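First up is the structure itself, then whatever we jot down about it.
So that you can tell them apart, the chains are marked A, B and C in the order they are listed, and the count of residues begins at 1 in each.
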């Protein structure tokens, strides 16, 4: 039987679905700036302390606050559209400082629990991507209901964790295997390779790629407004059904994956690679390695593309 | 271990698989007319009481009778090909009268149990689509093993339930997330959008789209006859294996989804929308709303496409 | 929680991941010849006793020995690339002699347990296909992490078991339903149809198809070398996560499927078909039936393509 907990949550959603709509200004949270109208909340992730829109403690805390507000559902928001304030980077990856020797390894269940909560929101969630989304950046996209991007060469998706000696720790590769099949998932994820938007659309990694930013925005705006016409309870119930069969379990993402991450991330080899990475990126700032990690990582392994080919 | 129940069913199937084939006329059931030859049963759904081939009580009862006959498997039928007698509508949706205030809300577990039983038939099941298949019409397609259509503009697929304030209640969106991934599933289902046959084939929603009705019929006929050469026990066992990993569970479809539907469908907002829909369609007869629901639903929400875009 | 068994295996993998790499010659095993360099093991399946590279007892035993060596992981192998020594056949199917009357039906859990163990290897596994891969040949491909082929007309994939009156017994159709969806899986598997490389790539059955053998080898070589740069523990952990949500269970493949196979394979009808097949192929040697089974099987059923179409 369906859990009383779900019916409870549903009832709660219904209560507000029945209220007449209004568009009071929605709170913003530091690195996450919001605007709203017609039931659609636009949330722009803009970590101005980082040149690459790094997914650091600030972004995590601000997103957690936004999620809590959306869970409480005290407005008529029915659709959330996430985008980035940085046109070169959607989200580059998790703050690699966490993995440096002596940093004091943080509670690694916080990021996956945050992304799990995003996947669990009663509202429809749409990611609108410009720039790179690697590592937890791609896992953020996977945790949203839908993903759209432009075909700009700046748009690159990747789970880069294997190259660090660990694993996608927030379910990114698990979600991906539903979208593009386990074969292509393992090809891209084990190789820590970048995929461009056209190929990503072809395989189903993203919903659709648009030639221009304007075309993407018009499509997403219209789609979001359309979904926001409908009662929240139906949106929530439909998501609940689809997720029951196509989403990794919370246990797989938050407990099991983190047990593995916690072991792997504290290995000397992993910490040594993290140290090299932070040095080579001049503390995770814009440069060849952040812009072009899929190819540039070979330099950290002291090989060239020609050497791999021969 | 495999359940004794399955091995029992298998043994039963084997018994008849070993019989020499014969082609006694197969029974027809009111709105579902059959013909058979060479182990292939053609079942045409033709609800002449409705201009849109509505999935009402009659169609449900007739299909349930057909399913019971096929389960008992007292002939050499190995493949069932479903089509529609109405070239504009495969099946438009469930009878919306069920959701009108004061109608006397029916047992909502009957339709999903019927579709579950179709998914569970020992025979291979193929849907050959001309016209629209929305709501439970698309869920019927999902419950078949395979789906083929023409590229005619009359062919449109949709799960339209979210626009009514409820959810696809027979597992349609759950099946779909295996076929096209959870991202595209949520895009189309949350938006209650129509998808055309060419895009549906590209994404994997349907197996294949054909330029002409004749080309589709030849392909499906040859495919059905070919499968019907093979022993029923192997067909049944192969379906059993594939379904074990890629079909939503009966509990998800019949118990959980119906618990949600039962709550949602009786909400005043849902009933008000159903009332508007039945009025605007002149009691579910052919017109702009039934022909073109994906766009025309905006009228019921009192918005235009231009307003959504701006 | 994650099983202590997995963390144990992981710890074991880590131990060796931390060792400096070396490239001692790797053992070969009769029909499976190996070479290795830079962490990549090339394993060529070449059953010279068979003109079609038959998956007989020898190949099974040799692969089982290789798998045991890779599980023990006593070298720095991080990626295994499987190919065939026979350019017309990757693997044609299981030895059909097993199903002849009076053969003495073998333990049918050995092949699926072997393929399960391949899917479970800590190393990344890549199949590089030239020639036909049917039945257990395709199931072998499914049990690898990734699959690449040329577009040569000699490349054909198929689960042909339904035409014999049984089922894909090593999970082939189950894996396939993750890659190409349950609709196209049932279309091809129930029909025991061949699929060519271009269509297989389009649907996602294989990762990618290349115009030439040289192009495939360069791509796979570079991909394998790249993955082999990374620590084995991350490769293993990433595979573990993806498999947790997208791989059929060992119980589904080894227990349940074998319970069905054991019943079906001993039926008189199945044994009669196997006898016909072995006679018509002149004891499973090269000829029209092995080269072109997808069409030629109709001859064993005494029908022509024209008869099916009419």
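Keep this in mind: contacts are C-beta pairs under 8 Å (C-beta built on N, C-alpha and C of every residue); 3 or more make two chains touch, one makes a residue touch a chain.
Fair warning: this is a prediction, and the values are worked out from it, not measured in the lab.
Q: Same or different: do the copies chain A and chain B touch each other through matching residue numbers, with over half of them shared?
A: Interface between chain A and chain B is built from largely different residues.
Q: Using only Cα atoms, superpose chain A on chain C and state the rotation angle in degrees, rounded to the nearest 5.
A: Fitting chain A to chain C on C-alpha atoms yields 120 degrees.
Q: Quick one: report the Å distance separating chain A from chain B, using the average Cα coordinate of each chain.
A: 34
Q: So which bits of chain B are touching at least two other chains?
A: Residues 178, 180 of chain B touch two or more partner chains.
Q: Could you please specify the touching residues of chain A with respect to chain C in the complex?
A: Residue positions touching the partner: 161-168, 171, 173-174, 176-178, 180-187, 189-193, 203, 248, 252, 255-257, 259-260, 263-264, 267-270, 298, 301, 303, 305, 308-309.
Q: Which residues of chain B touch chain C in their complex?
A: 1-2, 6-7, 10-11, 14, 17-18, 124, 145-147, 175, 178-180, 204, 206-207, 218, 221-223, 225-227, 229-231, 233-235, 237-247
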